[in-house]
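Shown below is the structure under consideration.
The chains carry the letters A, B, C and D, assigned in the order they are written, with residues numbered from 1 in each.
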Amino acid sequence: MTKTIGVGLIGTGYMGKCHALAWNAVKPVFGIEVTPRLAVLAEVDANLAKSRAAALGFAKATADWRTLIADPAVEVVSITTPNQFHAEMAIAALEAGKHVWCEKPMATTLDDAARMKAAAAKSGRVAMLGYNYIQNPAIRHIARLLDEGAIGQISHIRAEMDEDYMADLDAPFYWKSAASSGYGALDDFGVHPLSLIQTLVGDLSRVMAHQAKPFADRPARDGGRQPVENWDIASVLFETRTGVSGVMALNRAAWGRKGRIVLQIFGSRGSILYDQERMNEFQLYQASDRPGEQGYRTILTAPQHPPYDQFIPAPGHGLGFNELKIIECRQLLHLIAGESAVAVDFDAGFEIERTVHAMAQSDREARWVDLE
Amino acid sequence: MTKTIGVGLIGTGYMGKCHALAWNAVKPVFGIEVTPRLAVLAEVDANLAKSRAAALGFAKATADWRTLIADPAVEVVSITTPNQFHAEMAIAALEAGKHVWCEKPMATTLDDAARMKAAAAKSGRVAMLGYNYIQNPAIRHIARLLDEGAIGQISHIRAEMDEDYMADLDAPFYWKSAASSGYGALDDFGVHPLSLIQTLVGDLSRVMAHQAKPFADRPARDGGRQPVENWDIASVLFETRTGVSGVMALNRAAWGRKGRIVLQIFGSRGSILYDQERMNEFQLYQASDRPGEQGYRTILTAPQHPPYDQFIPAPGHGLGFNELKIIECRQLLHLIAGESAVAVDFDAGFEIERTVHAMAQSDREARWVDLE
Amino acid sequence: MTKTIGVGLIGTGYMGKCHALAWNAVKPVFGIEVTPRLAVLAEVDANLAKSRAAALGFAKATADWRTLIADPAVEVVSITTPNQFHAEMAIAALEAGKHVWCEKPMATTLDDAARMKAAAAKSGRVAMLGYNYIQNPAIRHIARLLDEGAIGQISHIRAEMDEDYMADLDAPFYWKSAASSGYGALDDFGVHPLSLIQTLVGDLSRVMAHQAKPFADRPARDGGRQPVENWDIASVLFETRTGVSGVMALNRAAWGRKGRIVLQIFGSRGSILYDQERMNEFQLYQASDRPGEQGYRTILTAPQHPPYDQFIPAPGHGLGFNELKIIECRQLLHLIAGESAVAVDFDAGFEIERTVHAMAQSDREARWVDLE
Amino acid sequence: MTKTIGVGLIGTGYMGKCHALAWNAVKPVFGIEVTPRLAVLAEVDANLAKSRAAALGFAKATADWRTLIADPAVEVVSITTPNQFHAEMAIAALEAGKHVWCEKPMATTLDDAARMKAAAAKSGRVAMLGYNYIQNPAIRHIARLLDEGAIGQISHIRAEMDEDYMADLDAPFYWKSAASSGYGALDDFGVHPLSLIQTLVGDLSRVMAHQAKPFADRPARDGGRQPVENWDIASVLFETRTGVSGVMALNRAAWGRKGRIVLQIFGSRGSILYDQERMNEFQLYQASDRPGEQGYRTILTAPQHPPYDQFIPAPGHGLGFNELKIIECRQLLHLIAGESAVAVDFDAGFEIERTVHAMAQSDREARWVDLE
């Protein structure tokens, strides 16, 4: 008899489709026994829900996400709606006894995030966040290298994340520039490099941040100019609980950068570099190499870097961004099965949220803020 | 009422799994109406067939590929078996009125390829080959740029393909070094850069090739040494029917190269570079840029390069090798629906085969061989 | 009649030889009328002075730098001794009516730097510092691009400088780790990226710094361990007087980095990248390029980027680190002739010193420090 | 007493200035005892000769190169005139008992090259050619790595040289497109990669070439179109005397390429990559690295790669193109002193010439041509 798991999907935008593709692919990629049963899809509009359900392979469609959560056919809920809805939906799903796979960030306020964390703890269900970059076989191999001391003791880390979707000076003001959407770069995407730092080096102990606006105002839709209410740029000094110093620099108005997340990890015996825009490679420098031939090795991901081997048996052929979500989906199923997994659960996710809010506070108060 | 198409898959190795993943993903990725119905999977062993069918989502399993072809539930057949079986299976499938999606190369002899081409013509069915590299949104955009004259008139082309799976001197002799497996680099993977040249510049008119063995013999499995019977290296001078000169260099014993396919296309107004190991970018140089700021632009693939947009709405996030097969699968469905598509059908594929055999002849006879 | 200028050189280490090579090359490279007459060389030891004078082409040698300064044949003095001697020597030379070309940084204390600045102002002589990185034709072209608005209004800047000469955990404690040598990365080489920021974007208005020690102690020469007294790592948040936010990150214990100085300059219409380890190229992204073909252009330095043309008439052939010093020497001669030049004089250099000390203060006091 | 050597320089164009800079710099860079005495400079016009002598530091000037050669103050003659004058001048200089440093290629005909070789043998003087790329510390280190078997036995080599000075379709016909100037890419710059192959792998045993014209004609200076008489593109298959197969591809109409010389050397245990446009680095892949961390190491030149250390004591700071000529000049002085050196003398240079002419013959006759 085949084991199945009933899936509900709320939201079908960028990340909603990404979840749907992962649910369709996780079984054939990993050759697992359990079969995801795509049960219910929710969208804001009934017709949209219906057409998306047809396209993405879901059996039922609804315009009411509460119906989805109440449906006994649904055992796990993918939440991919705008951030302000995460808390309500995740808590409701957990309270209904469903597992939750919620997109990052957790919520728009720290209170909401705290409530989500509490709900997860109380539910006894799996509550996982969508931090897909940590699932890259390259990142996982970097984690293994750090663990085994390939670059000695970590002494310093630099992280950058840059895109250019807010770079156009002439683009009209839209919701991402409103205070209601959050701090700006810090919570809009700073949580991504933070998830990588958390996975590879650990949580932060104190932070000193500075936020900046490249443009004071933007064209208003009704003519004139409208003041920008948050910060497209954020730069942060920090220390980790393990005593490692670091810098994190974020810019969502960085012309030319499309999906850049750069890590530079320095240690007492070498260093490691990573750039998400070339996500199928990473660089390793080892001081133990022969003098005269020391240099950064550009290593292409390969079957030696699991779970790359589940996708392609040949090295250097490359995974895509969407495939990281398939790996993440596999982790979720591990967790649901009570197995160990690489994942950011609501506890770990709450640490990331707490860190982001401490950064914003540091900027407001122009001082270092402790996190421990 | 939903439209479906019944799929049969023969073979579940490297490319077999890749086809299966594509069949699972093509509908949710492209949001198309037709639903692939994964009907029958064939493997050499009944048990293996059964377990693979379960893992990959196929309804039925068989150890007899003829049963698969005869099954009325099967409308299109994916053929991913070793090359020597392609002809027999493809011809049988076409004669049974099925559409065929056959992995490259067509066959191990030119005669077989000719029979496949004839069978396709006679059948009136779609017969497509698995040349997935031409499906890369980067390659498609390069094709558009060439068409619109972005680099002027093409004057020269260089193509390289290199991997290192035959590079290990100490690896024991195995079937890829036997004459029965073919010429070596030339047909083992030279057909890939040829498919790119064919798509971007056109077919070749004459060729002058040289094959070489990096190692004369390899360790025999029973001890001692066994002579290598084919050529891991092949280098070719050529001209296209449009009068463009070129070089193609192949090496499957190239330590350090994992999935390298490099194209350098020179024109009267600029040039274009591509490297499959960084398949999510390409480089463009335009002589019309301002002097002092001329340089190769590294362009990351983005929604402006369809069908990238069907996978991810954000630029620079990257597709993977397997996703090229999903795009290829979409082309197959276009062809079956009578729509235009980017594809190598059996006619175009036969040209590639003919070219490879002419290259081998050129090497044997140490002379230029005409193709027109 | 030929015009000449009498040159004195104090110190023949790393930078001393570099100055000597520049003095030998500046006339044939630039085809200028004035001929440097290599008059006197000073080293700590008379024999060493003599042999170095012979090798480097100087007419006389002395073990007493005051003799050199007093020599009427000397019109300009190159000062390349350890930093703690700069002030005394530069002030003496200026008071003796000589022009001064002094290596960076100015001095080990801000008081000394202030006295040097005052002495220069009083002397009416040329007093120039050895900030050679700003002389790179690539950097000069970047300056021109910024001036003409090629990337719009500058919105953010990131600067990094990393080397690995302090990275070896097992290397014995030496003077660079003693408090007497300065703060560490901050003044040891942070002045270099600061000179680039100053040249390209302007002086800083406020700074927030954090210094870190990758290793608390190092092997003492007499056995045991010796505490490290300064900081190999420094990270700084800053704003410029023109309101641009920025980050500067320094690490002289960065395994794998040899001469890395990376600049990322973001603007409202594009961005510019530079890496000193590939000093013969820079990257430009312009939002005005056609969508679909936007990307960083890698531009090789060429005769269009003066004074590259004075060295080589062909593009992309490359200058070396030492040749930046030849360009710097040319600037010095411009200044002496009363002509305009690209240079860091003692006034501009003092601003850099002031900034470095403000950074150290910021770290000590864990707060932002204003510079205006 | 100081040892000197009297230098004569014929020609002050691109390479003439480069020689002059090398003669000015060789002593201070290498700290050698012998002092080059810049004795006589010859240019076609007396006034030009005079002004260039003043700028480049030569004592006397002449419009008659025979006067220069006859001058007893001249002991070594730098010949940097257009190629058709090399033979006459070099032979005259050797017959006058002078050492000769002649720019590449040797001559425009193989007969002339043979006469030069004979003259050198008869003279007993040093006769060296200006193949500066082999002097790069990176190339020398690659040679050492190959010698010590770092990549095992060499199995294949690819060489490319590309520039774009003939790429502009609209540039008027000039002498480089005339048959009188030679074959085109083959002798114009193909000799450079040949010198690298000769140094690193050895001489060729047989060649198969194909030349191509990207443009059949070019704008004539008097209006209309003028047929192009030689080939801007040449591609060659070859084997070395040691049995290594290879490809050499040349294109002097390659938009975007400025000074590209790429080498790919494959061996049984690894591979090495080099690109002259990034002349301060090379890449090494070693199959002996741990699986999972194998990759090309990008190695920046450093003091461990002599004679880099004679220029700069710090790694990764970079040499320039002109500095290769200084190293070459040092080799010449070694040879004159009867010491061993890395150099292409007239015997080795003649092999390169012979190879180029065999390639042209191969193209004309459309067949492999043997060289042994």
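What we mean here is this: contacts are C-beta pairs under 8 Å (C-beta built on N, C-alpha and C of every residue); 3 or more make two chains touch, one makes a residue touch a chain.
Keep in mind it's a predicted model, so treat the numbers as computed, not measured.
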| item | value |
| --- | --- |
| Winner on C-beta contact pairs when B-C is weighed against B-D | B-D |
| Chain separated most widely from chain A, comparing mean CA positions | D |
| Distance between chain centroids, defined by C-alpha means - chain C, chain D (Å) | 34 |
| Whole-Å separation of chain centres (CA-atom averages), chain B against chain C | 53 |
| Centre-of-Cα separation between chain D and chain B, whole angstrom | 41 |
| Chain A residues counted as touching two or more neighbouring chains | 257, 294-296, 300, 302 |
| Complex interface listing, chain B residues touching chain A | 2, 14, 17-18, 20-21, 24-25, 27-29, 31-33, 35, 54-57, 163, 165, 257-260, 277-280, 300, 302, 311-323 |
| Chain B residues within the chain C interface of the complex | 141, 145, 150, 281, 283-284, 289, 291-300, 302, 304-305 |
| Touching residues on chain B, where the partner in the complex is chain D | 151-152, 155-156, 158, 160, 167-169, 208, 210, 212, 214-215, 233, 235, 237, 239, 245-247, 249, 251, 253-257, 266-271, 285, 287, 294-296, 366-368 |
